[in-house]
Every structure is written in C-alpha cells, then in structure tokens.
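Below, subunit A partners subunit B and then partners subunit C, in two separate complexes.
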Partner chain A sequence: MFLLLVLIPLFLVLLLNLNLYKVNYKIAVLIAGLFSLFQMFFIFSPNFFSTGLVDLLSLRFECDGISWIMLFSIAIVSFAAICVLYASETIASGKKFHFVNLVLLALAGMNGLVFVRDIFSIYVFIEIIAATSYVLIALDKTKKSLEASFKYLVISSVATVMMLSAVAILFMAAGSTDFIKVAQMYKEYGANPLIVVASVFFIVGLFIKGGVMPFHGWLPDAYSASPNPTSVFLAGIVTKTTGIYTLVRLYAIFDFNYSMQLVFLVFGSLSIVIAAIGAINQDNFKRMLAYSSISQVGYIVLAFGSGTILGVFAGMFHLFNHSVFKSLLFVNASALESRVNTNQIHNMSGLASRMPVTSTTSVIAFLSTAGIPPLAGFWSKLLIVLALWFSGNKEFAVLALLASIFTLTYFLIMQKKIFFGQLKEKFNTIKEARFTIRLASLFLCAITILTGLFFPIILNFMAFLFSF
Partner chain B sequence: MENLYIHIFLLALIVIISVFAVSHYRIIRGAILLGAVSFLVSISLFMLKAPIAAMFELSVCTGLITVIFISVISLTNPVYAGQKKINEMSMVKKIIILFLIVAVCGFFIYLFDEKNINWIPVMNDAQKTVTTKDSLWNLRHVDLIGQALILLTGIFAVVVLFKKGKEEK
Partner chain C sequence: MSYDIMLLLVVAIPVLFSALIPLFGKVSVFIRNFFALVLMLIPFLLLIIIFQAVQAGIPVDFVYEFPILEINFILQADIFSVFVAMASVLVSIVVLIYSFEYIKSYDNQNEYFFIVLLFVGSMMGIVFSANLIFIYFFWEMTALASWRLIGYFREKEYVRRANKTFIMTAAGALCMLIGFLMIAEQAGSFDLDVISAANLQGSAVNLAIILIILGIFSKSATFPLHSWLADAGIAPSPVTALLHAAVLVKIGVYVYARLFNFTIVPSEEIRIVLFSIVSVSAFLSGAVAFVEKDIKRVIAFSTISQIAFIFLGFISGGKFAFVGAMLFILMHGLAKAGLFLSAGIIEHKIHTKQLDMMGGLFRYMPITAFAFAGCALSVMGIPPFAGFFSKFLVIFGTVYDQNIIAALIFIICAGLTVLYTVRLFWKVFLGSQKKYPNIEKENWNSPMVLSVVSLAFLSLILTFSFGYLFYIANLAAQTIKGQGF
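Coming up: the complex of A and B.
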C-alpha cells in the first residue's frame, strides 16, 4: 500500500493540470494540504506495510521503520509549508498554483527516495528533489532568489557528478546497483582503493546535498533568498532527505571502518562549531536559521560517526526533531516577514506583545534546538552524547555538549532583539500573523512539546520501528 | 593499451567541447557542441561494448534533444553585443585552463597506470547480455516513475521561470 504515497501525488499533479475543471490556487492548496494530512495518518494504517501493489508492478520498493520516520517528517513539514503558502501575500496566485505542483512532485520524489533500495534509483530520486528545489528557490524570480538557485544548481551539479561517478564504479565492481549486491561486494573489495574513492565521492556528494561544512556554500543563500514557504520546505525536510537520510541508507551498505567514522566525526564537529559561531553574527533572521540548520545537521552526522546502532537511532531521532523545530522557526520567520516586511533583526524589537503566538512558539523552538529539557531536542541530543560516550568518542561528546551553549547564545540574542525589549512605534498597529501560519506554528510547537513530554512512549515506538 | 589511449583522447575531447558548449556566447552553437559531445559519448560507449546505451545516446541525445534545443533557440532573441565581447576576451584563459585540466587528468591516469593498482573485476557475464527490453523495463522499473517525475518538473520549471504571469505582465 505504501506505493500509493508515490503514485497519488503524481496523479494529483496530472489531475490539477488537465484543465477538466477550472482549478484555482485555493483548491490546489487544499488538495496538497489534504494529501499531507492523508500521508500523516495513512502511515498508521495496519495495511500500510503490505507489498501487494509493489509486487504487482514488480518494483524494487521497500518500506521499513526508518522509511516510516522519514514519511512522517515529510508529511508534517509539507503541511506546514502549504499552510505558509496559503497565507503568503507576496507570492502571486498563479505562482502559488505552480508551487503546489512542484511540492507534490517533490513529495513523490522524497517518498520514492525513502522506498528505493538501489543506488542508481537513489541518485534518480535525489535529482528529482534537487530539480524541484531549484525552481522552488527561484519561484519569485528576484535577483537574489535567482542567484541563490543558480548557486545551488552549480554546487549541486558537482555533487551529482561525484555521486554518479561513485554509482558507476560500484556498478562496475558489483555488477548491479542493488543494495544487497553492493553490500556483498563491499565485504569482498571494501579496502580496494577504487572502492574507497567511490565511497568518498558518494559521501562528499551527500555532504554537499545535506549542507555539511565545509560543503555548505549554497545553503545560507538558498534558505534566506527563497520565498518563505520554500524556506520551510527546504530547511525542514528537503536537505535532510537528500543528504542525511541517504547517508543512513548507505551506512548499512558501505564498509564503515574507523577512518570513515572519523570523517563523520570531524565533519560533524566542524559543522556544529563553525556554523554556530557563524550564526551569532547574522543580522538576517532566515540566514541565522540557515547557519543554525548546518550546525544541527552536524549533530546528526556526529551521531552517525559513533558507528553504533544507538548513534544511528539518535541521529534519526534528531533528524525528526530538527525537521519539526527548524520548520517551526522558519514558519515564524514567515510570520514576522509578513507583518514587518523585513528579515533584518536590527529592524525588529518588542514584537512579543503584538505577536504572542509567534513569540511563544519561537521560544519553544529555540529551547528545543538548544537541547533544554523536557523538549524533544533535549532527548535527541542526550542520545547523541550517550552514543558518542559509549562508543569511546568522549572528546566529541563533550564538544557536542559545549556547542549547545553557542546554540543557546545565538537564539537568546535573536529572541531578545526581535521579541523582547521596547516595541518600536511603527509596529504599534501590527497584528499576529494570518490564521494558517498560526495553525502551522501551533501544530509544530505541539509536536515538539509532546515528543519531549511523552519521550518514553516515543522511545519504545522508535525502538519498535528500528526492529524491522 | 591502445584502446586506453583512444579512450583518454575521447574523454579529453569531451571535456574540451563540453566547456566550449557551456561557455559559448551563441546558445545555438552551444547546443550544436552539446550534440557533438553526445556523439563522442556514443562512440565511447560503443567502444566500451555498451551498444544499447550508445544507441540511445546517439538517437535521443545527439538527435532528438539537439533538434529540440535548436528549434527552441531559433525562436529566441540573439545575444547582445556586450556579452559577445566579454566572452571573446576570456577565450585565451579558457584554452589555458582546458589544457591544464587535460594535463592534470593525464598525470593522474599516468600515476594510476604506473602504480599498477589492483583493479577490481568488472561486471559478470550475465550483465553483459541484457536485452533492450531488460534494460528499459525489467531492470529499472522504479526509474521510469523517476523519469516521469523529472519530466513534469522540467515542464513546471519552464512554465515558472520563463512564462510571464498576469502580475508580471
């Protein structure tokens, strides 16, 4: 049944564009929003994991616990992005319609990516997501957004070439691109220099897609220059699916020896520390969130570097939490921009009294990002530190703990400058953001709080998902 | 060994023509050069004993795509004079950089050749006898869905980026 999550969005795109009935952007937005909600609940269906349709079409698709976590994250973030799109006053109605189509295509691509078990198919689906992202970033065709999109296109092309070269080498060695055959080949020839080159190429390609330092050049521009719904979508799930999720899949195939783990540990640490320092100096709210995103992705990569199942588990849990609280912060950035018409932090002050929902949810999101108990981010960071500690990488565990202070610092600065302090006179008349943006904020905030409060139940459920 | 040098020569030629294709100020010539690149790739694939891939590269990329590119570009405006000047000025730099790229690639190939690296075995015989039907459908079902998705994305990319909406007009 899970194949429906790839086929339905594809069918919806065709249906919306067949001109059988005059469809305006509101209907399109409603359809996309409903599909996100459908995905959110459909994955709980008892028949969800049945492979009847996949077997019928003889497709090499599989769905396991890790796929399930990704599908849930994808649905949540897509719903939030659609809510922000509906409320956006700067995007023309025609473009909102195209946005919905592109999001549905990206959804089909991301859902497909989490099901495939073939390294070439992984490459194909990553490219679908990348292609939709280029267009989504450039949607409003301003100079900045076009520049950001072009930058992403160029840097992403390097990643594409590297991944495709890696796929070619692995195919040459294994005689197939299927996960099982490639994994068997790794057992036999894992230490061969050419195979090591292929592994490095693939991992660097994924680091570029995931925005891991020092391959992050495209990310701050893409997140800050793109239209608000695109920022939510990109930061919330796109980079996590293409870059980080794929790393988890390859983790099971590649021969991850200690030197490979060290690469993860070093690049993860670099991302955490340097991006956190970079975030402190940013005056553009969305740019600051972009650096924060790089820093949090660093935590996930660091967790994988522990080389243990607990590390992968912690990384996946942090990926889910990060998707939620980073989307929430970008939704709040959209709320602010829609009311004060700027992203520059120095132009804002004392907005908490005028925008209480945005202010409160923002505090929850940044406390979760910084790893303050009992919110969701605390538990995932705790698991990451424990995974590093028990795997003997104590120095990296300490670094992960200390880096949280940086996170807390830049978010406190942001919160103080934007929401607290004296309200500027020009903001006396502004109101809270539109209903759908508030809905998205409260929805994501509720997930962050509930995941933290009911952590023992979530932990058991995730352990169950990881068991198959 | 002789085959290896022909491959290296073809690859170098592909790199050089590709760079010229993407940096040429006349888009129509760029499209023709891209067609030439596809043609060289087809030769390379034939030599690598991958006739199905070579056939598709030749018919689709060299033939169909080039024709589509040229037809579309013919309907657009020519480049402005300033752009032509900028491109002409950087031609010497381009050639120097290209020679450097080819030299560096050649050096690395020489190094690999000298070090006698234990190359891994190439794919088994079963993989060499795949039919067109196998390669198009039986082996890559999933990618057909991917191709449909990327085709639709391409259409929306053109509509969003190149078509002017009511508000823009």
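Coming up: the complex of A and C.
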C-alpha cells in the first residue's frame, strides 16, 4: 500500500507530460500540492503499516517508524516548497511547470529511498534525487545558480563514485545487496581492510551528500544561489533524506563499533561549531541559513554518534524539527526577497512593522533552532544532549550545548538587522508577502509551536513508532 | 476541583491563555486589559486557596510521567513556593494595572501584555516545578520573555541591549543545564525528591553546584554577571519593575534556595566562596549606585545590592537567616517595584532619566514623592517600614550562624544603601529647583500614581502583620534540609 507513495508521483509526472490536455502551471502546482497534502494524511491511516513487506523485483521495501517520520517531513516540506513556487514572481510560468515535474520526481525518489532495504537501491534512489536537484538548482539559469549547480554536480559525482565502489565491494563480499545479507557479512568480515575501506567510502559519500563539515563546500552556494522554492525543498528535506536519513540505515547494516561512533561524533561536532561560527558573519540571508543548516545537521549526526536507540530517536526527531523550522526560515527568506528584492541583510531594516507574519514566524523558527523552550527544537536538542550524556560522551554533550549560544547569536543579529531597528524610507510601502507564502509560514510555524507544547503526546507517538 | 488541578491551572492559565491576548487586543483595548487582569487574578486567588491547603498540611502536587524518559512533569507546592509565588503575583498585578496607563501611547501593546503574562506564568512554572528539566524549561521561557520585554522599543541600541541580556542569561542557563545533567547522573533522576534523598556529596557534585550557581548568578544579576541588569533599564518602567522586583531576579534567588537549602547541601568551601562573591556584589553595586547619574541605573544597582542580601540569608541558611531572606523577597519586591514605577512616572512627566536634569520635583508631584519616600525607607530598612524586619533578620541570622565577617560587611552595605537612597531622593525631589517646561499637575486617580501609593502603603502596613508573616516563614524554614530544627 505504501508503494502508492512512489508510484503516484511517477504516474502524475507521466500524466502531466503526455499533453493529453492543455495543462498550465496552475493545475500542475495544484496537483503537486494536493499530492503532498494527500501524503501528509495518508500516512496517518491506521492500516498504513499493516501491509508489511513488499517484494517487488526482488528489492525489499519496508516501512518502519524512521521511514514514517521521513515521509511526514517530506510531505510537509514539499507542500511548503510548492506554496512558495506558486507565489514566486521571478520564475516564469513555463519553468514553474517544469519545477512541479521535478519536484514530483524527487518526491518519488525520496519516498522510494525511505522504503528500500537494499544498498544498491539506496544508491539508485539517491541518484534519482540528485539528478533532479541539479536541474532544480540551475532552473533560473543565472550565472550564480549555474555555478552552484555545476559545483554540486562535480562534488556530488565524487560522492557517487565513492558510494558505488563501496556498494560494489560489499556486493562482492556478501553476494547480495540486501541489508540482512550485508549485515551478516559484516559480522564475519567486519575487520577486513577492504570492508573498512568500503564503509569509509560509503560514509564519506553520505557526508558529502548531507553537507557535513568538511565536505560542505557545495552547500552554501547551492542553497543561496538556487531559486527560492528550490532552496526550501533542498534545505528542508532533500539533503536530509539523501545524506542524513541514509546514515541511520547504515546503522542497521554496519557493525556499529566505537571507531565509527567516533567518526560520527567528531564530524558532527566539527559541523556544529565551525558552521555556527561561519554563520555569524554572513551578509546574505540565505547563506546564513545554509551555514545554520550545516550546523544543525551536525547535531543530527552527533546524536547518531551516541550509538544508542535514544540517540537515533533524538536525531530523527531533530531531523523532523529541523526540516520544519529550516524550511520555514527559507520560506521567510523568499517572502523577504519577493518584497525587498535582495538577500543582503545590510539592505534591510525595521521590516517587522511592515511584514508582521514574516517577522513573528522567523522569530519562532530561530528560537526553535536555538533550542529555546517551549518550541519543538528545545525538546529535540534536549533529547540529543541526554542521549550523548547518558551514553558517556559528556564532552560532546557539553559542546553541543555551548554551541547553542552561537546559534542564538547569529539569529539575534539577523533578527535585529532585518526586522527590528528603524524602518528605511524606501520600505514604507512594502506589503506582507503573498498569501500562499504566508500560508506556508503559518503552517510550518504552527507545527513548530504545537510540537513543542504537546511534546508528551508526540513522545508517546514516537515511542510507538520506535516500539520502545 | 482538587488542589492538584488548581496548582496546574496556576501555571497553565497564564502560559497558555496569554496567547489569546493579541486576539482580544484586535477587538478592543478595554477587553484586552480586562482579560489580562483576569488572567493574573485567577492564579492569585487559586494561590490563596492552595496556600490554606498547604498550611493545613495537605500535600499538593501534580504529576505527569513521561514515557521513555526520566523527565517527569511534576508541580509541587509547599509553603515556601506558594509564598514566593504569591509575592510575585501580587507585585505583578500592581505592575499590570500601572502598565494599562503607562503603555497606552506606545506601539506593540498586544505583544507587551502577552509577554508579561507569559513571563509571570513561566515564573509560576519555575516556582512549582520539582524536576530539574522543567525548571530549566521555564527558566529559558523567562529568558525569552525578558528578551522581548527589554527590547520592547525597537531601536537599534535597545535591541542590542536586549540581545545582550538574552545571550548572557541563556549562556548561564546552559551552564546550569550541564550542572543539572551532572546532578542527575549522580542521583539517577531529575526529580528533586529523588535527588534530595540521594544526599549527594563529592567533587563531581561540587563542580555541578558551581555550574548551577553560574546560571543562577547570571539570572539574578550578581557580580560579576550583573552587567545586563543596569543596561536593561532602557525598557519601559513597568518592565524594569517586573524584572527587578517581581520576577526575573527573584527566580535566581528562589532556585538557589530550592536547590541548595532544600535539596542539596553545598560544601563548606563553596559557601565561603559564595559569601565572598555576594559581599563583593553588595558592596560594589552599592558604591556604583552612589555615583550613577541615571535614576533607573541607580535603582538597578540598588537591586543588585539588595539581591545580595537575599542570597546572604539563603547561603547562611540558618533558621533566622532563611526566614529573613524569604520575607526579604516580598518586602524588596514591593518596595523596589514602587521605586521603579515612581521613576516611570517621573520619566513620563519630564521626559528624562538624568539626575542632573531633576531637582525640586516635590513641588509638582507630592504624592509620588511621598510614595517614593515610603518605598525608599523600606529598601533602606528603616523602621517602621517592613523592609527593616527582613533586613534585620537576615543580618541577625548571619551572626547567629557564626558568619560574623559576612555580617559586618553587609552592615556596611546597609549603610551604603541608606546613603545612596537618600542621595537619590534629594537629587530628584529636593535639591535645587530646575525649570520644567509645561509639566502637568499630578492626578490623584491616575492608575499609575495609585499603584505607587498602594505599594508604599503595603510596605508600611505589612509591618503590623509581621508576626503572622514570621510564623509562615518559620513553618517554611522547618522543612530546610540538613538543619534539623
């Protein structure tokens, strides 16, 4: 039954492009928006899990709690991205149509990725998503976006080569690419140097895809130069699914020993601290958000590094929260850009009085990022810290906590420069962003607040998903 | 309705329903103000009922256990917590009534009342939480609220100072959280009851205590982490009154007492260090208050100095010192709120905060002057004002606990208090007559003047119920850990 989530978007792409009817971009946007809403509610249907395993062309598909969280985040973020796309004034309507097609393809890819239980299929789906993202980034064909897309393409193909060779080595050793077979092989030959090389290749490939420091080179460019709906989509969910979610799956395969844990912990904390410091001095709003994104990804990787089930749980919860509040911030960035026509922070000032919804929701989003109660980000950060502390990695827990100060600092600077302060005269006539953008902001903002306030209920539900 | 649910409502009503204030504000100003006042009065009435139950020895606690984790949402009431909660809600009500008139002419009023209510609600959360994680939870919520309140005016400089406050207190709070984690690791739980029963000791616990105290000092603006408090004076006067008198700095003091008088006993070395820190804090800020030229900064430094007195009482920890410190929270709250609110009236009238521009204001605002004098006398600790008894008890208790040197220093600080307060009163109300273009005559039935007068009146009248207050505080003191009364 859950395979519908992969097949429907593919079918929709076909339908839109058969030219049976005259389809303009509005209908396409509507269809994509409806599909993401459908996904949001469909996964709540009670017999969603009950279909169990599906053996399709000998690929194993399976849905568990982790997949469920991913499906939910994917639906939310793509809905926000579609809203932003609809309101965008800089993208030509023909391109909007292409955009919808690409988003639907990427959705099929991501939904597939979270279901598969086989390392080769993981590779295939990651490549589907990557191929759509190259185009999505370069969609408006400005010099900067082409450059960013090219950079992503080059760096990403390095990751591709590494992952493919890792898959090849593992296939050679295990005789199959199925998770269970590979895991059995790891139990026997885990210490073999060739297998260690394969693991390293796979992890580094995923770190590149997820933009973990020091493999993040492509990420700030890709997020800041791409058109607004793309940056929402990319930052909110695409890199999280391809890079970070897949890391959790490797847990199930690899023999998770202390040296691997240390890799996660070290690279995670590196990302947190360096990216947070990097974000402080950015003048481009979207670039600042990109660095903040790297920093938050660091938290997720750090949580996985604790090596306990609580850590995985905390990391996934943070991933969900992050995709909500980071896409909210990117939605707000596009709201600002649509009104002020710039991303440069020093050109904006005092916009709170002219754009109250954007201002308020961005305060809430960044407070959630910085882990201030009662918002959702507080709980996930707390869980991460608890997981690290009680698994004996206290120094990393302390580091994760103290780094929140940096997060708070750059967001306070951002809020002060953009929204507070004196309103510049040329902005006197500015109006609040268009309706669908506001809709997306308020929707994401409501999720952040409600998740924070009703955390016990969420926790109960997550405990059910993870069958604690 | 059971007492447990009432306790939950005391926290939940202001925290959750405050979000409705902006909606009411869109309808009408009067309905909004009325609603805000109701949101403040209901918890106060509930607190009175709970107080009677607690006094009668009925245990009042609300428990919600979390699945999976050790973080349980526990609210617990005892005499000490209900007393502190009532003291701050009482002051907050007066401040709220004052704000109705004060804030009338500014932007973002809806946000103001929303945040004030959220602020008081989070304070209730801290006071009643019996779990370290939730103490931190509400603690950060107050930081959030004070950030928006201090940065109420959106000019660049104001926002910068608000950001400074936020970052300083949040950094302190993170240190505190690390301390909490260390404590929880030793005791095996975040619940205060379990920690209290575990009788923690050792070097790891000492380190944890130091980290927690860093957080507390950053919140209650004790030297050397005090610098944000004077800067916060740029906020509207009712906000500074809330921060200094009713809520923010009292949170630090309260959590100190809750953790280190009732739950964990700090070692003798730590207490000596703390004695020296608060002595330095009291003395330096008293001295600075003597030379400051801005009326609100003088009162702000006076707060830092007086907070040190409360700390002295709790650190000394004996029966009399504790009783004195506990009553000091109420007395200082009333009197200091009165001083700040008077400063707000003066600022509204002559549009400056500089002492050099003031003088001879007694002629124009005699009622405010009398109220100011009353509150000032209470802060100084001059009988028959209620401030005398609490200050006397703190110092007497310190001597009683054999901490003679600390007591001597604080007697000098009490002298300093008298000096700078008298100077302040002289400079503002007496002194050489200055010219004030188009100053309005002060009005008896203005809510602003009435609130100030009522605070001064309360500071005086509470002297006569001192026996009862002492009895209450004594009941609370009997539950202190490790003293064995």
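Going forward, the second predicted complex is superposed on the first by the 457 of 468 C-alpha atoms of A that agree within 3 Å, B and C clash if a C-alpha of one lies under 4 Å from a C-alpha of the other, contacts with A are read in each partner's own complex, and residues count from 1 in each chain.
One rule holds in what follows: contacts are C-beta pairs under 8 Å (C-beta built on N, C-alpha and C of every residue); 3 or more make two chains touch, one makes a residue touch a chain.
All of these numbers come straight from a predicted model, not from anything done at the bench.
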*Once the shared chain is lined up, is A:L450 touching subunit B (first), subunit C (second), both, or neither of them?*
neither
*In the superposed arrangement, does A:S404 touch subunit B (first), subunit C (second), both or neither?*
second
_Greater subunit A contact set [subunit C / subunit B]_ = B
*asked:* Tell me the contact category for A:L105 with respect to subunit B and subunit C: first, second, both or neither.
replied: first
_After the superposition on A, what does A:V158 contact: first (subunit B), second (subunit C), both or neither?_
neither
*Is A:L459 contacted by the first partner subunit B, the second partner subunit C, both or neither?*
second
*Thinking of the overlay built on chain A, is A:K141 touched by subunit B (first), by subunit C (second), by both, or by neither?*
first
*Touched partner set for A:A191, first subunit B, second subunit C, both or neither*: neither
*Take the contacts of subunit A with subunit B and those with subunit C, and give the residues found in both.*
none
*Of subunit C, residues touching subunit A in the complex*: 64, 66-69, 71, 73, 107, 133, 136-138, 140-141, 143-144, 151, 154-156, 159-160, 163, 166-167, 170-171, 174, 177-178, 181, 185
_subunit A - residues contacting subunit C, complex_ = 310, 350, 352-353, 367, 370, 372-374, 378, 382-383, 385-386, 389-390, 394, 397-398, 401-402, 404-405, 408-409, 412-413, 416, 420-422, 456, 459-460, 463, 468
*Could you pull out which subunit A residues touch subunit B in their complex?*
6-7, 10, 13, 57-61, 92, 94-95, 98, 101-102, 105, 108-109, 112, 116, 118, 120-121, 124-125, 127-128, 131-132, 134-135, 138-139, 141, 171-176, 189, 192-195
*Sort out for me which residues of subunit B touch subunit A in the complex.*
117-124, 126-127, 140-143, 145-150, 152-154, 156-157, 159-161, 165-168
